[in-house]
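What follows is a structure written as structure tokens; I'll ask about it next.
Chain IDs A, B, C, D and E follow the sequence of writing; residue 1 opens each chain.
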Amino acid sequence: ADIAVIGGSNDDAFWNIIKKGIDDATPGVVANGGSVNYLRLVNYDNFAPDVVQLIRTAISMEVDGLVIPNWVPEAEDPAIKDAIAAGIKVILMNAGGADKATELGAINYVGSDEYVAGLAGGEYFGKGGQKNVLCINTLPGASNTEARCKGVIDGVTTAGGMGAQLPLPTTSFGDATAVAEAIKAELLKDESIDGVITISAGDADSAAIAVDQAGKSGKTLLGSFDMNQAGLDRIKGGTQAFAIDQQPYLQSFLAVSLLAAHIDFGTDLPVFPVLTGPGIVDASNIDATLAGVAKGAR
Amino acid sequence: MSRTFSFGALARRPEAGAALGLFAVLIFFAIFGGVTFLKPSGMASWLNVAANLGVIAIPLGLLMIAGELDISVGAMVPFGAMTVSVISGHYGLPIWMGIAAALSFGVIVGLVNGFLVIRTAVPSLIVTLGTLFAVQGIVLGLTVLITKSTSVALKTEGVAKVMFGDFVLGGQMQVMVLWWLGLTALYVFFVHLSPFGNWVFAMGGDKVSARNAGIPTERLTMVLFVLSSTSAAFVGMCQAILYNSAQVAGGQSFIFNAIISVVVGGVLLTGGFGSVIGIFFGTITFAIVTQGIYYTDFDRNWSSLIIGVLLLGAVLMNNTFRKMALSYAPKKGGK
Amino acid sequence: MSRTFSFGALARRPEAGAALGLFAVLIFFAIFGGVTFLKPSGMASWLNVAANLGVIAIPLGLLMIAGELDISVGAMVPFGAMTVSVISGHYGLPIWMGIAAALSFGVIVGLVNGFLVIRTAVPSLIVTLGTLFAVQGIVLGLTVLITKSTSVALKTEGVAKVMFGDFVLGGQMQVMVLWWLGLTALYVFFVHLSPFGNWVFAMGGDKVSARNAGIPTERLTMVLFVLSSTSAAFVGMCQAILYNSAQVAGGQSFIFNAIISVVVGGVLLTGGFGSVIGIFFGTITFAIVTQGIYYTDFDRNWSSLIIGVLLLGAVLMNNTFRKMALSYAPKKGGK
Amino acid sequence: MAAPILALRGVNKSFGPIDVLHDITLEVRAGEVLCLLGDNGAGKSTLIKIMSGVHQPSSGTIEMDGTGIGLPTPRAASEKGIATVHQFGGTFPLMSIGRSFFVGVEPTKGFGPFKVYDRQRANDIAVKAVRDFGITRIDDGDRLVGGLSGGERQSLAIARAVHFGARVLILDEPTAALGVKQATHVLRIVNEAKRRGLAVIFITHQVMHAMAVGDHFAVLIRGAVAADFHKGEKTREEITDLMAGGASMASLEAEIETYMNSHGGHPPPPAQ
Amino acid sequence: MAAPILALRGVNKSFGPIDVLHDITLEVRAGEVLCLLGDNGAGKSTLIKIMSGVHQPSSGTIEMDGTGIGLPTPRAASEKGIATVHQFGGTFPLMSIGRSFFVGVEPTKGFGPFKVYDRQRANDIAVKAVRDFGITRIDDGDRLVGGLSGGERQSLAIARAVHFGARVLILDEPTAALGVKQATHVLRIVNEAKRRGLAVIFITHQVMHAMAVGDHFAVLIRGAVAADFHKGEKTREEITDLMAGGASMASLEAEIETYMNSHGGHPPPPAQ
């Protein structure tokens, strides 16, 4: 089966782990005479139109199957319906959810949900007794990052605390110091902040410094969405509380394998939806995670 | 027109380099991208990208021919999208009101840019960098203030949907492609056939002399800035209607992409030289390069490198052609 | 020096507008930002941002004084960070090798930029836009090829950590602040006291005349491009050491931020006018505006708007001062 | 005799605090060449910019055929038949000869909203005008102006003004950068324009050129008309003195000779 | 007699396929003014650019004091005592008078790596040099060049060349944009330089200026030396003809007079 997978930007670490899952699933597809094509956004600047453009590109390639995150339902749904109408089998991955899959006629949903992942993070803070959590959004306005922060805020609120989002202007995107100093400033200004979570693993590097600089190590817990080596090192060293992991490797590996088997052999998985996360990586499971990281799968 | 064919006359046209570049890129991807790349559905894939970019690139290119630059288009795309979504999506007012508002804001920002450039002698790169940030701030601030969210849904039906945000010709091609072709034809008429175009070139060549020659340079500057920011707002608006939603973020990639298309299209950054057809070719070239890579087996991670090398190559080629144009003398035997 | 104080002489210095702007911004945030903003920890917050930006902004400003522009710094920051992380983090080679490699790549990209600008008559905006994309592509492609990831961790200890990526003076201030102050002093010496600086101004004023006057303009252009891209690689390298990790993405904000700082600092985009101290003030002003907002109660969503308005205001103010400088005549009673 | 085509009455001009022109009254008649003389910075260019609609006078009036008019823009001036070649610029390096010639007054064909620029006609007229001017090497109106020599470009600008100068032709130092042959061409053109009944205003720093074509001379000194006289009313030496801003100078050659002698200058070595 | 300070022997120069200079042989001696004459585009500026290190000859040699030298850069030329005022540019509008004067040869004080630009000395020397030139309105070396008039700027550029021109001073159309008074100043400077024993190369399109200072004349026609003669060897009319590129022309005034008459030109209207 010829399968197209649509994914996030080239320089986004998360979507490179997705690529690892795809690469590992590809030999199986190729062995049965198929191919896998990973279509990625160049950047998140023109998000919805670019995603839809990729769906259309996949349709034009006349693939048999499509693995697609449903990030912006209003925009993507018509295109996904067109794909299904053109006879393409679709699996939603990473974003969308079971209800959406049913509604669109996709064969399954593999993944987690940005909002649910955020919720899990918020609850983790709540359990730890954190009362005032700040969600650092370095890409304000993008729907996936907004959903993450919204989930965190809702999670903390249900647990009896409160949360807020800190949107950073584009002038600080990619400048680790500007991000760090912005977080530090907020921590200095509002003494009661006892939890900080960043929407990406890279921003957590800045946040860790900011917490330290504000003199609040130990008092303010740090969490992050997604993870990188430096973040895991911090978790192991105790300067970061946790990272929310969607286990992206599983998402793409399972989605591609399930879809190929469905098209080639007519198999169906009774599990619906297939949830790969959110998994929380903290001191309790850090060693196993580090082993996976070494192989590029986490 | 009535002259006989001459290779020299052809080579010194501003679009000569761009046409060659387009040709090279087409061949390249036809070989490495396989047959789907050239099938109607494959063509639609890069034509759609080219259309959205091209509607912005042509007026931006005219500004560059006139010696100015407009960075603020990067904020006008989300501004246009958000305006129509807030008015017709969030408030549920008629879609025509949203469209009118989006375009009016385009006109207003263009007037502000033009006014600041004319009144202060500040280079337009800096002025529009200022309005870029200001408009970004306004879009984010107002949207959150009004809708408590940064993403607003919009449902459009009827004529407006068909006119601005639908697929045509077999459901593959965005209606934007038709707008793009129509607008390109209009621009070609105005820039290369009507007297108006001559003024733009004269302004880019030497602004003081142009004014002394009786050209209303200030009004023309205004018109060009209005054209570019309204076009950007128009693209944003159509995207919101097509994709049924608008996000606050985004649009910034249009800045560099449009500049690249214009320069690949043979326009001189310092003004006074270029053509609409060249920009048209440049936009298609850019779209083919960015989309074509999906049809090949190349590692996607190298796409930025390919774009960078393409840009440098195109600029060097255009440079060669421009030198040919300047040193061109009609007779072979002539002194 | 030996003259008596003169308000006129003060007002016509390139940094006059920048100094006034800095003063205005300081007062503004001292009022709205409360006392934490001016405490050592608060000051460190904007000084750190200013330092990272300033190390890039000054050489970029010199390029702008010399009539050129370098957009590729936006890719050099992640390039520098990634080089040191891959070499000393991924491969585990000595940190000094990573540092040397990062700086060498800065030199190489600078040489490529300079060479292309000198050899082809293409404006440096376009040339460096090309290298921006090319370097971005190389960083992404190579990093993924080598490390299978886009984020690489780096653990540094000992002298290198202290020298490049640590906190000093009570643990609040990045060591980069010291680098920045030291480099600024060096630049002030070279640009305003040594003969070298005169050459930069002459080049920006009229390149052909400068060459005819015996200034080695080509070598100078090379040096300036090398300076700017190496400085950007240096900042990236230091950030990687400080934050123990490097990402492929990011760095692009440095482009516009540095240009804004330079222009707010009173440098003329068209070349030939400006000062290092002005850029220094401009950088601090920019850092205060972007960081100061976190100490106030303003809605963070409006920060872009505030930055845009600041930029426009500063540019207009500088314009006024420049006009004063040109029309300045020494004697009040003089004809 | 007839009323002057163009007249300034009590015109003042200041840029902010700087007064550049004081109370200028000047007339120019059909078939007459008015030479505007004066030192660097005397205000000659500013004066003719007022007559060509580039600047507005701070006070005073402009009259055409005896009635007061306004010249709010360069376009208004050219519509009234006043054509000007300014001191700097005037051509567009990257435009074709035809387009450059017709900038701002493009010839069109077709009708209504479908009026299109008539490239063929523009090229033909431009090439003819330039060739009439003695530049016979130009025969293709599509050639870019940037490929022409400085003298050819200057000739193009003057040919353009002559072509559109229906009634008044203003030339600001048209011969400054030209060689002897080209300068002679320009002087010939000035005479030809005069013969056709145009009023010509001619600015130059070269006494010889002024004497060769001028009928009427006006000398500006520090923004005021210091002298206004007709051909034959003053000697060449007097005119030279006036052009030098009123400083009394002996004849140029004589002065230098004296200077040399008084300094014991080395005489030129004999020929080898 | 002494060997020429500077000599070109069989110099050719082409830009790509375009031959601009053919086999030029030319000498200039101490205390002598060589006037370089010729039509627009004859190659005068190209020739002096070779002598000032801007361009390299395609073939041929440059000799100084009888020995062959190379002038690879403008800096090499100025180190050998050759100072040039080029036809266009030469000053920097946004720089101070002092800095602009010393561009490329900044005076320093201090020692070793701490040599700093000596602003006070640069300003004093620059102001004095310009004032010696007759521009007495300038008394502050910190003023920006952009605030000076065109004539003042040109004077600044020439003053600079005179100051640094240790042995050879080259002036490319220095009087083209100048008023009569300023032009006289320049001619006086040329004579002063000659008196001090400098060799001067002077390019002009104005016969009168050439005759006023020249000891030795070289005429370029289409890139070749068409005539090379000394003061008094040719009449003014002959020189004018040569300057016009060899076209035989009657005296300018006479020619125009004739033209007028043959066209029945309107005589100037009588004085009012």
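General observations
The rule is simple: a contact is a pair of C-beta atoms (placed from the backbone, for glycine too) under 8 Å apart; a residue touches a chain by one contact, two chains touch by 3 or more.
None of these values were measured; they are calculated from a predicted model.
Both subunit C and subunit D are touched by B, E. Note on chain placement: the centre of subunit B and the centre of subunit E lie 49 Å apart, centres being C-alpha means. Averaged Cα coordinates give subunit A a centre that lies 34 Å from the centre of subunit C. Computed centre separation for the pair subunit B/subunit D is 42 angstrom, with centres defined by C-alpha atoms. Residues of subunit C found to touch two or more other chains are 140, 144, 256, 301, 303-304, 307. Multi-chain contact residues of subunit A, defined as those touching 2 or more other chains: 10, 140, 167, 169-171. The list of touching chain pairs reads A-B, A-C, B-C, B-D, C-E, D-E.
Interface residues of subunit B, counted against subunit D in their complex, comprise 1-2, 9, 12, 189, 192-195, 197-199, 201-202, 205-206, 208-216, 268, 272-273, 325-331, 334-335. Remark: subunit B residues 36, 39, 41-42, 44-45, 48-49, 52, 77-78, 133, 136-137, 140, 149-151, 153-154, 171-172, 239, 242-245, 247-254, 290-291, 294-295, 300-301, 303-304 touch subunit A in the complex. Of all the residues in subunit E, the ones that touch subunit D in their complex are 1, 29, 31-33, 38-42, 149-152, 173, 176-184, 187-188, 191-192, 194-195, 197, 205-208, 211-213, 215-216, 230-231, 233, 240, 243-245, 247, 249, 252-253, 255-256, 259-260, 263-266, 268-272. On the side of subunit D, the complex with subunit B involves touching residues 52, 54, 73-75, 77-78, 84, 86, 88-95, 99-100, 102-106, 108, 115-117, 119-120, 137, 139-140, 142-144, 146-147.
Contacts from subunit C toward subunit B in the complex involve residues 116, 120-123, 125-127, 129-138, 140-141, 144-145, 256, 259-260, 263, 269-270, 299, 301-309, 311-312, 315-316, 319.
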